[in-house]
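First subunit A sits with subunit B, and in the next complex the same chain sits with subunit C.
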Partner chain A sequence: MTAQTTAVVSPAAPSVLPAVRRGGLAAVLGLTGTLLVLLVMASLPYVVDNGVTTQLVKLCYLIALASMWNLLAGYAGMVSMGQQAFIGLGAYTLFVVNDHGINVYAGTLVVSAVVALIAWPVSYIAFRLRGGYFAVGTWVIAEVVRLIVVRFDSLGAASGRNITTITAEPVLRQAYTYWLALAVMAAALLGTYLALRSRLGLDLQAIRDDETAAGSLGVNVTRGKRIIYIAAAGGCAAAGAVICVNSLGVASPSQIFGVQYTALMIFMVVIGGIGTVEGPVIGALVYFLLDKYFAQSGVWYLVVIGAAAIAVSLYLPRGLWGTLAHRTGFAIFPVTHKVLQTTRRDEA
Partner chain B sequence: MTAPVLQPLLEVENLAVSFGALNVLEDVELAVPRGQAVGIVGPNGAGKSTLLSAISGVEPVTRGTVRLGGRDVTRASAAQRCRLGVGRSFQIPRPFGDLTVFENVLVGAQRGGGLRGTHAREQALTALETTGMLPVANKPAGGLPLLGRKRLELARALATAPELLLLDEIAGGLTESEADELVGTVLSLKEAGVTILWIEHVVKALVQVVDRLVCLAYGRIRVDGDPHKVLASPEVAEVYLGGTTA
Partner chain C sequence: MTWLNAIAQGMLLGGIFAMAAAGLSLVFGVMRVANLAHGDLMILGGYVASVAAVSLHIPVALTVLVSMAAVGGLGYLIQRTLLDRAMGLSEFAPLMVTFGISVIIPNVLVQLFSNDTKPLGIGSLGTASIRVGSDLAIGWFPLITVVAAVAVLAGLHVFLYRTQSGRIVRATADDRAVVRLMGVDNRKVYALTSVIAFATVALAGTLYTMRQGGVTPYEGQLTVLFAFEVVIIGGLGSLWGTLAGGMVLGIAQSVGAQISPDLPLLAGHLVFLAILVFRPQGLFGRSVLA
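Right, the complex of A and B next:
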């Protein structure tokens, strides 16, 4: 602040303005690297055993879910406790779409669009609430959605349902399911990244930090939040459809509409690093590994999960990736702008 | 120079703002012609900041009309008014803490200024240069000291390319030379044709810029006119020093 006190300040003074960079080479490398990883992952069904891809399906939808919650809470400041409404709706809409003769893989795209359309009017209700009330309100909305869905006997009422038509051949079905999960994850990640690099992305972060100030700078606050709410609903619905396809149906409505999905999303995002594109991926990986190695350990599983959450919150409040990014400035998906300072100032 | 031949840029008519039973502003009438710089003084709690909030759309009005270039904007949102050319700074700075200083300003250039890509970036950089914030462009705004935050308020408002600039106590806490620098900046904005409404306790800085001074007290405009005459008026003395003329 003291360095420029001698500088002559005049808006009329024509001068060479510094350049602004957004990741530059790192952005290109990050994107190329990600596409390569996705390509390798896409070829896995030809290379590895079925068991591996079965597990990766879970990782894929976890990453997709975590990315969606991060988009809502980490970027747009909407702490939703009710994304399970859209996960459940995704699964149940898939039944309807499937019953109408659309295969489950292409159907997921339809599901995503339909649920996004449902989320639009829902947002008008949810946005009447703020902060903690918004969180509780979204949860209530999820419960209401569950209670409505349960009333339909054709959807299995309170006892869950199976998908009627799906690829019969198990190896092929597994490969298709995996590719579907991979596609949903890739769309969630790249969609988030592209949205954040757009003007909307900056709007969202401004809204998150101070709604009033954002409005006073011309940001259409409600519009920005609504777009993200609807997009996140579509993303969660796609993940819900993957969960449904993966288990060939829904065991029970209270499972797929369960608040445990939200708890899971919060866990992954907080562990990985809220407000970074990469954080949810890391968080999902951590949860995936914990789940893989401790899930059989009964109550110790929950103890380990809880301890991990407490440890990260206490010692790395920015999360694993968030801490790394903050200390080193490193990013695979660079969103922030960097002004390249010239030496011009030294001459002044 | 202030002859009302043209439509005033800003017209405030019969404005009232109440917080519950408390009437913060009452019967406020104010017309500001294009290009004029108007200072607002008054004791704490007079309703100065509330007046700016009512004009910028942050505070809903209870009664009355706000017109911008003849257009009734009383029901328009703060964002709409910003896009129509109202830029404001907040008295208590409201930075986007997790964004960099440059990004804070870029929000204004992109939305309030309606610009994209390179144009938006250039406008943001120019606003930073004007306010001397360029050296800290990459710092997170949340880490700025108070002075930096105040400058950032001004930079963000400038980035929206306002026709009407509402400034709320941006000179407080500045050193003599910093205040001079700020006066220079605001003067050059005025020369560039920006209409200015400036609340300031640092009257010395204010009178160097404004063509007209308004004294607000207890929610009403008490005196309105030539800055030096207003400052010398018995009403202002009474407002600041208490009713000694018993």
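Right, the complex of A and C next:
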């Protein structure tokens, strides 16, 4: 009798559940360290002069943008060339929100929500396409958004416009702008981290590894991708609002709706390590330093950036951080589960 | 009559779009690579022709061949050195390689030739036309481009369906592993496909440059969109669909321009998006290549 009961149990099924752990000490240290860094960064306007924070505003929105593109391409398999649609919409929605009497800092939150809402129906058009065609499809959508926005004279038509009401005192304005940028960056990073640790994150990592297999295991692939598409639109819009506040307006629609923003995002993510939370931060730092020291060497520097993107995707496909993490198993933001030990039935 | 004229001009414009899209369609059909650098390669073709005509004093008609040879050769190099490796890595890697190329090409062109228009004049041929009615005139040069587009597409069709090499290319598109078992080096097939596709796009780029009278470095960001739109409107992998797609996009743009001078781009994009929503398989949604 007992022998028959045992035979029913699948031979592969372990009688002892494997111990699964995520993060552990690294997660605690990583998160504490990140919070410390954010705190130190938040106190900078009291310590250093405006020149430093001006530069850091750029770093902050670069990190936010890179994180958003990483969510799209690294986790949901959507290579978008059209995120500039949402960056531009973010900037232009900020004009509208600001014209209605909301200050630009709180307005950024409204902008993010409004643009996410716009992205929802747009996703139904974009999701008709896949792979490289998705990339160009989103690019066309961005062009359409730009061509429609420039038809509004109240938005400055083809010549850009300025923000109507903003903090007049320059030092205070610079500090506010910096804190806004910092908040957007922190929200993008921590939002990504928390989302990836949730059930959705598990779905997304399955989609990233194999879309068909994930679908056949019951993951709602389209829903997961749509959530990410909408979230990334909201994130890019917030970054767009920061760019707009930082330069007190938009110099020209073709600049804020320029494909070069997406090109930057791709570069940062590929260099840093696609499909890792930390990678985009590293990539953004690399780009930030390259830009700081080599931007004056003209267009050759863009050529080098293009060549670096090719070289890294061919010879270091995991990127800088991804390669390091893969070799050492180290993670500041651990989102993967680790099986510590499994005890097989016959051993127990 | 002005509308008829707009439609006729649109069809003539569509010839160039169709030619540009044919190379894109071929590369995607055979290698599953969506070439993001396609528009920039077109522009590069225009630059090569312009340099050949202005600096090397090669007759304008022959610059087409120079440009096709140069860009076709570049296609061979890119395929053998970069894309072969990328295709073995992931779906993502080839996209990144073509993205990198699309960043490099326009910036190298700016560095070498500045932002100014690089001219490529075709003399009186540019303005010569046949009068069909009181309001309708068909330009000789646009007519030549349409004939060239049809010839290119027909040539590709004959190559793919009537020759042994074409059969091998189609077989490789279907299943590269089986083709390898039959003793064919699929990388050679890919190299051949790239050379054909890049030479085609150089031809399209040169004719585009001649039509515009010149070319600027960043125009590839515009033409790459046109090429992809044409492929999707016509239906992935259908060569004649590509011709139809070119015509549809050309007509949309020129009718848009007839309504208002600032509308052609928006009209073209909107027609594309409408087709994407209502007929996502394209006008001729039969897969011919794979």
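The working rule: the second predicted complex is superposed on the first by the 315 of 348 C-alpha atoms of A that agree within 3 Å, B and C clash if a C-alpha of one lies under 4 Å from a C-alpha of the other, contacts with A are read in each partner's own complex, and residues count from 1 in each chain.
One rule holds for everything that comes next: a residue touches a chain if its C-beta (ideal position, glycine included) is under 8 Å from a C-beta of that chain, and two chains touch if they have at least 3 such contacts.
Fair warning: this is a prediction, and the values are worked out from it, not measured in the lab.
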Partner chain(s) touched by A:L217 [first = subunit B, second = subunit C, both, neither]: first
Touching partner for A:L202 - first (subunit B), second (subunit C), both, neither: first
Which superposed partner A:L36 touches (first subunit B, second subunit C, both, neither): neither
First, second, both or neither for A:I141, with subunit B first and subunit C second: second
Which superposed partner A:V20 touches (first subunit B, second subunit C, both, neither): first
First (subunit B), second (subunit C), both or neither touched by A:V259: second
Partner chain(s) touched by A:M81 [first = subunit B, second = subunit C, both, neither]: second
Footprint overlap on subunit A, comparing subunit B with subunit C: none
Contacting residues of subunit A [partner subunit B, same complex]: 1, 3-5, 7, 9-13, 15, 17-18, 20, 199, 202-203, 205-206, 208-210, 212-221, 275, 336-339, 341, 345
In the complex with subunit A, residue positions of subunit B that touch it: 56-58, 77-79, 82-83, 88, 90, 94-100, 102-104, 106-108, 110-114, 116, 121-122, 125-126, 128-132, 134-138, 145, 147-148, 156, 158-160, 177-178, 181, 184-185, 188-189, 192
Residue numbers on subunit A that touch subunit C, as the complex places them: 73, 79, 81, 124-125, 128-129, 131-133, 135-137, 139-141, 143-144, 147-148, 259, 263, 266, 270, 274, 298-300, 302-303, 305-310, 313-314, 317
List of subunit C residues in touch with subunit A within their complex: 28, 33-36, 82, 85-86, 89-93, 95-97, 99-104, 107-108, 110-111, 221, 224-225, 228-229, 231-232, 236, 265-266, 269-270, 272-273, 276-277, 280
